[in-house]
Amino acid sequence: MQSGHAPYKGVRPPLMLLLFLAAAGVLMAADQPLSFSHAAHIEKARMQCTDCHSGAKTRDAAGIPSIRRCMACHQFIATDRPEIGRLVAYWEKQREVPWLRVYGFAKDAAVQFRHAPHARAEIECARCHGDVASMTVAVPTVIHTMGTCVQCHRDNSASDDCLACHY
Amino acid sequence: MPEGSTEAGTGTQRRTPQWGMAIDLDRCTGCEACVVACASENNVPTAGEDQAAKGRTKHWIRIDRYYEGDFPNIRVRHRPVLCQQCDEAPCEPVCPVNATYQNAEGLNVQIYNRCIGTRYCAINCPYTVRFFNWYPPEWAEPLGLQLNPDVSVRPAGVVEKCTFCVQRIKRAKLNATAEGREVGDGEIQPACVQSCPAEAMVFGDLSDPSSRVARLANSRRAQRLLEELGTKPRVFYLERAD
Amino acid sequence: MDRRNFFRVVGTASGGAITGACGRKSEEIIPLLVPEEGITPGVESWHPAVCGECAAGCGILARVMASEREIEVDGERVRQRIATVKKLEGNPNDPTSGGRLCARGHAGLQALYGPDRLRGPMRRAGPRGAGRFEAVSWESAMQEAAEALDSAVAEDAGRVVFLSRPRADLRAANIAKFLSALGAPPACAVGVRDFAAEVQGAERAYGWRGIPAYAIRDATLVLSIGADFLSGWVSPVLYTRQFGHMRRGRPGVRGRLIHAESRFSLTAWNADRWLPVWPGGELALALGLGRALVDLGAGASPTRAVEAARAAFAEVDLDEASAACGMSAGTIREVATELAAASAPVVVAGASIVREHSADAVAAASALNVLLGRVGVAGGVMPPPTVLADLVEARPSSNRWRERLANANLVIIDGANPAYSSPSCREALANAGTVISLSSFVDDTSAYADVVLPDHDPLEREAVALPSASLVESVACSARFVAALHDSRPADSVLADLAASAGKPFEPLDAQGALTRLHATLGAGNGAGSSEGFVESALEQGCWQGRPASGGTTGVIGLGAFEVADSMVPAVFQAYESLQFGTGGGANRPWLQELPDPTSSAMWGLPLEIDPVTASELAIENGDIVRARSDHGSLEAPAYVNPAAIPGVISMAMGQGHSQYGRYASGRGANPMSLLGDMRDRRTGATAMGPVRVHLERLDKGKGLIQFSRQDRDVPPHRV
Amino acid sequence: MKRLRADFGDRHAAVGAVRSVIARGVPPEAIELYSRRPIEPYPSLLRRKSRMSLVAVLSAAVVGGTATTLVYRAQMDYPLVTGGMPINSGWATGVVTFETTMAGAVLGIVAALLWEGRLLRRRKPPAPPVPSGGAVIEVSGLDDTNALREVLLQAGAKSVARAD
Amino acid sequence: MATTGTRGGPVGHAQVCEDLVARMPGSSPRYVGAVAVCGAIVAWALFAWGYQIANGFGSTGLRRPVYWGLYIVNFVFWIGISHAGTLISAILRLTGAEWRRPVTRAAEAITVFCLMIGGLFPIIHISRPWIFYWILPYANERMLWPNFRSPLFWDLTAILTYLTGSVVYLYLPLIPDFAEMAERCTGARRRAYRWLSLGWRGSDRQWQALERAMKLMAIVILAIAVSVHSVVAYDFSMSLTPTWHNTIFPPYFVVGAIFSGIAALVVVMATLRRLMGLQEYLREVHFVNLGKLLLLMSLIWGYFTFSEHLTTWYGNLPMEMDVFQAREHGVYGALFWVMVTCNLAIPLLLLGVSKLRRISTTVVCGIAVLIGMWLERFLIVIPALSTPHLPSIWGGYAPSWIELSITAGTFAAMALLYLVFVKAVPIIAMWEYEGEATPR
């Protein structure tokens, strides 16, 4: 067996900024069916990310909350707002809100991503998702490429085995 | 025998397990339960009659069976053959894009999305346990509901093979880490091992001398397939006694 | 800037993006229904279930995770998040499976998700047997079925025939209740796997009722006469587990296996010695062995049972027996000597291939255990379990089903496919008054049905089943854990509804009820605690496990007279139960179709296995298309020259040759049972699988055989 | 400084003329001989200096060395676990080294040819029209053209003219 | 009309140029027809390739265990033929064989075109060609590099180097001819030729530099050519496949390459001679000389083949004997003996007997050797792959219409490239050819 190589030291990514700027200009806010405001929920209502994305810390997938969870509060709260009216319309049809994913993996990338170990390693949500707390409709402000993942893994002495993600 | 090495950078000096398998041919009956268990666990599609006729089926594990002698002094030698997870794997150095390599835990890894499809690894595997996706995999509705979400469905044009059920290894390790303990011997069972009714297959950490697989691998009956090629496989066969 | 960064700077622009997910605007968005609570994507849960693939009754575990599917709701295409079974494993608590599972068990998933599974009730739209159906509502289907039932019962309830399978489970109990409510005779088990010979043999030799279990795990020498216990037969997982333990589970002891069978089955592969018995010669072999053992002085401590066995064997002429089974007298003596010398021998008596004299053969072979004193002792033969008598009693038997079918005014079919396993009954099916099928698939028999009321898949319903063989008293059970995938209904409630509408209501037994009853019979002394606690714990565990089945030769031995076997005639044909398809039910699972046949390595089709001698006489090679003709019928199939076949013995596995059974099975290959006509075991009436005389004819040189491995030998001929 | 151009109908006569011109003390660098085919046997009397071989060897060494270094660094800095096989092997890299060295040689030869043959020059005096089968001699840097004109005519030039 | 020399060919540079330019094909219906036919076949092959990419590799005849099929056979074949030009021309140039002069350009063009075609096959062969560039060593944010230990990576470097070298080697002697052509043309063609001539003026400096460069290139290209086919052989001999893992393969492949290269050159020359009326330039002596070379290579090839088979047979290693049996007695037995006939028997008979040695027989041998060498590649690749170590997974191979179409397409592509080439440039180096020179 080849014994372990010298661990990767923190490598500063000089290009990350450039990448970010270039990509941020290209990507625009997803045209969500409801203009859900993260800021209103987190900054105003003082909710936690995991109140809705309940699996973010403990499971594989953070999860997009079911309309059931939205209605748990919005049956009573802010029922006069037009967006909530549209939410109720979905609920009455017994349909989920057709949210568009903001972050995800391409199918052919063959990535098996698990939220829980990242949460255990105390990676901030914002590290990958940007400052969602202050956004209205969430926009992809962090560019997810393989380089993003590998860099972070190396910076944090996490496994940089391909098999860590691809299987 | 591969030695355990330490995982770089974790700082905990946790030993890196060296996965391996032992198959007792005296127990194995050739019932092929492992073959279906594998297909079911790993989203291995069936090829269908036409493709099967062309020799394009995919069996990540198969039973090689050979008749010996003639009636009435005839007998059968059979052997489950899966990826042998060689330490000196001939498939690895030939891949021009490094889509296949051996990781620290001794798994012979195939990264599907990196594969450009030269099929060099497949021809260079003396066990011919690497498979090529001739067509995009298809499942007649609603057979696809069965697919294991923990395993990628491989697109057309890439090579795939037995992974020692890496998704189970990963899950067991994540669970163990979440519970703050080490993975126990026998806790990880690839689908073939788990299904084997004769309990002929044992999976575990070869670098832990007290593990069942290490003890079997060190037994006098243990041999490796095509060992003379110098591939140093991690699958140990305990030959039949007679 | 260090080196590594330099490299990165040079080529950053070429990085492929992992995501592209925010650009889904262009895709059509299919709305998602609000899912039921408790379905979380990516989270697995494990639920106990009972395998429905064969009669063994293994307790299994199902891995359940969320999936999405598209359905139509009020004309709108929507996605629905449902709980789906992803994988089956053995249930480690279950004494039968012990956490293990066979190939067919795994493939049970493909029955659940079978693309040809019926989506709802059907009414026949063409002539009987053509398999043309139209979808109808449950209301109209039930009404049609109820009317047919009404008129049949009114006419003559005695002519109502219920064709089922030989399982001792909840379903059997409910069928029995249904039939007794109607006043109709008990259900019939059809197919070639009702173990009538084994049951009768055990009764005659040991005085037991049911299928005995063999504790081969603790034996030092196993002689199997006619029982291919590793690839099918009574309980392949149980016996394979025991086999592994017998071989390498005990330090310093490696059990020996001698297998006597007319073909080189999987058990013969694994045997230390194979005794190639001429088809039908199993009885003669058992008798010869008995005689040789008597000569060796076996059975020295005489009980009444041993005396009876000694008496029966003493009349046998060893040379005659040897001539009838194709084994030399010397070989028979050799094996007998080995048996007598072994510390813990056991004779596994079975009829994997049912013959005209199978009941006799099994009884004679069983009597060897009596002679050896291996009944009810560790490593010997164990009595069948006796708990849950309702289920045991309800287990259908053959029960002269052919005669009754020929005279039926109403036929109800659940879990049986007689049109496949006994093709000669098709005419009776075509002429029966009304045929109601409870099958989930349009198979050979359901094609004759007037109305099909599809049942839930075994994984979608609750179950209580007794294992067909077990060394301990045990029951496998499960509660429902997933919603039905299609518009099906459990047959138990369908039968209850039908009976109710016919004015003969009965209370169907459910898992809860059966387990409560089990708790009651066990009594308070078993430490089972409260009834509720008992039921809950059993359903959670997926099984209940009691003490080892209490044994001892209690019954009076009534071996009776044996009929003498026919003499050996060349070119005989026999069918056998295949490892992958069983007696045919597995043929619509693509996994099993693509599973190489152990003998021939064939996939997507099964060959006629011809011995090398006959093959060379007829210049037949692998893959040639061959026509086999018997007095009862003919078939065409690709040939496989089986190096291990007994010269003059042609075999073919069951599984292919379905006229109807969905896209993967129908119209594929040939049905070996079509050569056999109406052949039966003379004592039990069980469907026999040979031997019949056949005539072979090569039709076509060709590539009719799809094989995984075309090389039979590790050493190709030129290397020798 | 003056230039003189002489047209020759016969290539071999031109070679003789070159020889005569050199004999008159004109340095070979000042002489240009134009022809449509290479004049064989070679007019070695002009003794053009060439560093083509040296350039080729240096270029080969540089390209091959760079490629080898890149391979080595890439393998060592981004190592894969290989399960006991060497990360970097001289044997395996040898092929790459050889091929890239040869590629370097080819590039060096091309570069040297372009330089020494004065190809791809933007500003050039127009090429003299060379008669088929004949040759043209240009002599530059002359103070006095008359003497040389005689020599050239004597050597068989069809015509001699100033070419400034 | 030009003055004719003693052998009927034109004499003098001007006449030679005139004559050769006059023989360059115009836009005659015959020429256009040939281009159209070749173009159609190439288009069909491209369609087949597109079909293969769109529908997956299942549309080919490949299967387990024969994961490599006709594409690799063709790859080796075309790379082999590419040795026609550069190697032969380099050898002849270095040995100063004067008779080479009308032959070299035709040969060098073969090299370039064959390399273009052969180099395409690895891309056709891989199932995800759209990410072919992942094999290139470029820094990327994934921090992934190609595997420098893979023979396929060596292939990449070797073929790129060889292609570069061959293009240079073809181009350098074209420069004076481009200048010559520029003078003979007008308009856009003139500008194009002038641009291609890189400002060639015909000064003695340029001639000397060119001659020196060509000499150096001949040395370098010789080394590259030998290495290229060795590297192609490494693709096989680095693997564990029985009979491939063999040290004889690199020289064996080089010899086979030169062998098939000469054969291809003979066939191409004969075709040009016939179609362009170059009888005065490409004379019997050229064919006879090439024929002698062909005979020599045939003998060397036979020696290698015999050595390879003898050692396999004598070594009697079970795995290798399986391939041996398959190749000589089994399904491929007939092909084997066709190969031996084409590569050994026919050249020995027709070229070994001096009385029979003439243009027609040389061409017959050339065609036979091309067929034989294609079969040789086939018999190296397919039987070995169909009988791997474990007999349980032995299998066969039959190419599908896709592979056959693409194979046919590459031959058409070769013809098409040549058709365009002879229209654009004189196929005989005008400045090198001297009508009255006596071939040595």
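Residue numbering begins at 1 within each chain, and the chains themselves are lettered A, B, C, D and E in the order written.
Assume contacts are C-beta pairs under 8 Å (C-beta built on N, C-alpha and C of every residue); 3 or more make two chains touch, one makes a residue touch a chain.
No experiment lies behind these values; they were computed from the predicted model shown.
K.L.:
Taking each chain's centre as the mean of its C-alpha atoms, give the chain farthest from subunit B.
P.N.:
Farthest chain from subunit B, going by C-alpha centroids: D.
K.L.:
Taking each chain's centre as the mean of its C-alpha atoms, which one ends up farthest from the centre of subunit E?
P.N.:
C
K.L.:
By C-alpha centroids, what is the most central chain here?
P.N.:
Taking the mean of C-alpha atoms per chain, the most central one is B.
K.L.:
By the contact definition above, name the pair with the higher C-beta contact count: B-C or C-E.
P.N.:
B-C
K.L.:
Would you mind pulling out the distance in Å between where the CA atoms of subunit B average out and where those of subunit D do?
P.N.:
Comparing mean C-alpha positions, subunit D is 62 Å from subunit B.
K.L.:
Using mean C-alpha positions as chain centres, tell me how far subunit A is from subunit C in Å, no decimals.
P.N.:
Using C-alpha averages as centres, the distance is 50 Å.
K.L.:
Where the centres are mean C-alpha positions, what is the separation of subunit D from subunit E, in Å?
P.N.:
30
K.L.:
Give me the residue numbers in subunit C that touch at least two other chains, ranges are fine.
P.N.:
4, 7-9, 12, 15-16, 41-42, 708-709, 711, 713-715
K.L.:
Touching at least two other chains at once: which residues of subunit D meet that condition?
P.N.:
74, 78, 81-84, 92, in rising order.
K.L.:
Among the residues of subunit A, pick out those that touch two or more other chains and give their numbers.
P.N.:
Expected reply: 1-2, 5, 15, 19, 109, 111, 145-147, 161.
K.L.:
List the residues on subunit B that touch subunit C in their complex, please.
P.N.:
Touching subunit C from subunit B are residues 24, 26-27, 29-33, 35-37, 39-41, 46-49, 52-53, 57, 59, 62-68, 70-72, 74-78, 140-149, 191, 194-200, 241-242.
K.L.:
Which residues of subunit A touch subunit C in their complex?
P.N.:
Answer in residue numbers: 11-15, 18-19, 27, 30-31, 55, 59-61, 63, 66-68, 91, 94-96, 98, 100-106, 109, 111, 140, 143-149.
K.L.:
What part of subunit E is in contact with subunit B in the complex they form?
P.N.:
It is residues 55-58, 61-65, 67-68, 122, 125-129, 131-132, 134-135, 144-147, 149-153, 156, 235, 238-241, 385, 388-393, 395-396 of subunit E that touch subunit B.
K.L.:
Which stretch or stretches of subunit A touch subunit E in the complex?
P.N.:
The touching residues are 15, 19, 145-147, 150.
K.L.:
List the residues on subunit C that touch subunit B in their complex, please.
P.N.:
41-42, 65, 67, 69, 82, 84-90, 97, 99-103, 105-107, 109-110, 112-115, 230-231, 236-237, 240-241, 243-245, 247-249, 254, 264, 266-267, 269-270, 272, 274, 276, 485, 579-580, 590-596, 598, 601, 603-605, 611-612, 643-647, 663, 668, 703, 706, 708-709, 711-715
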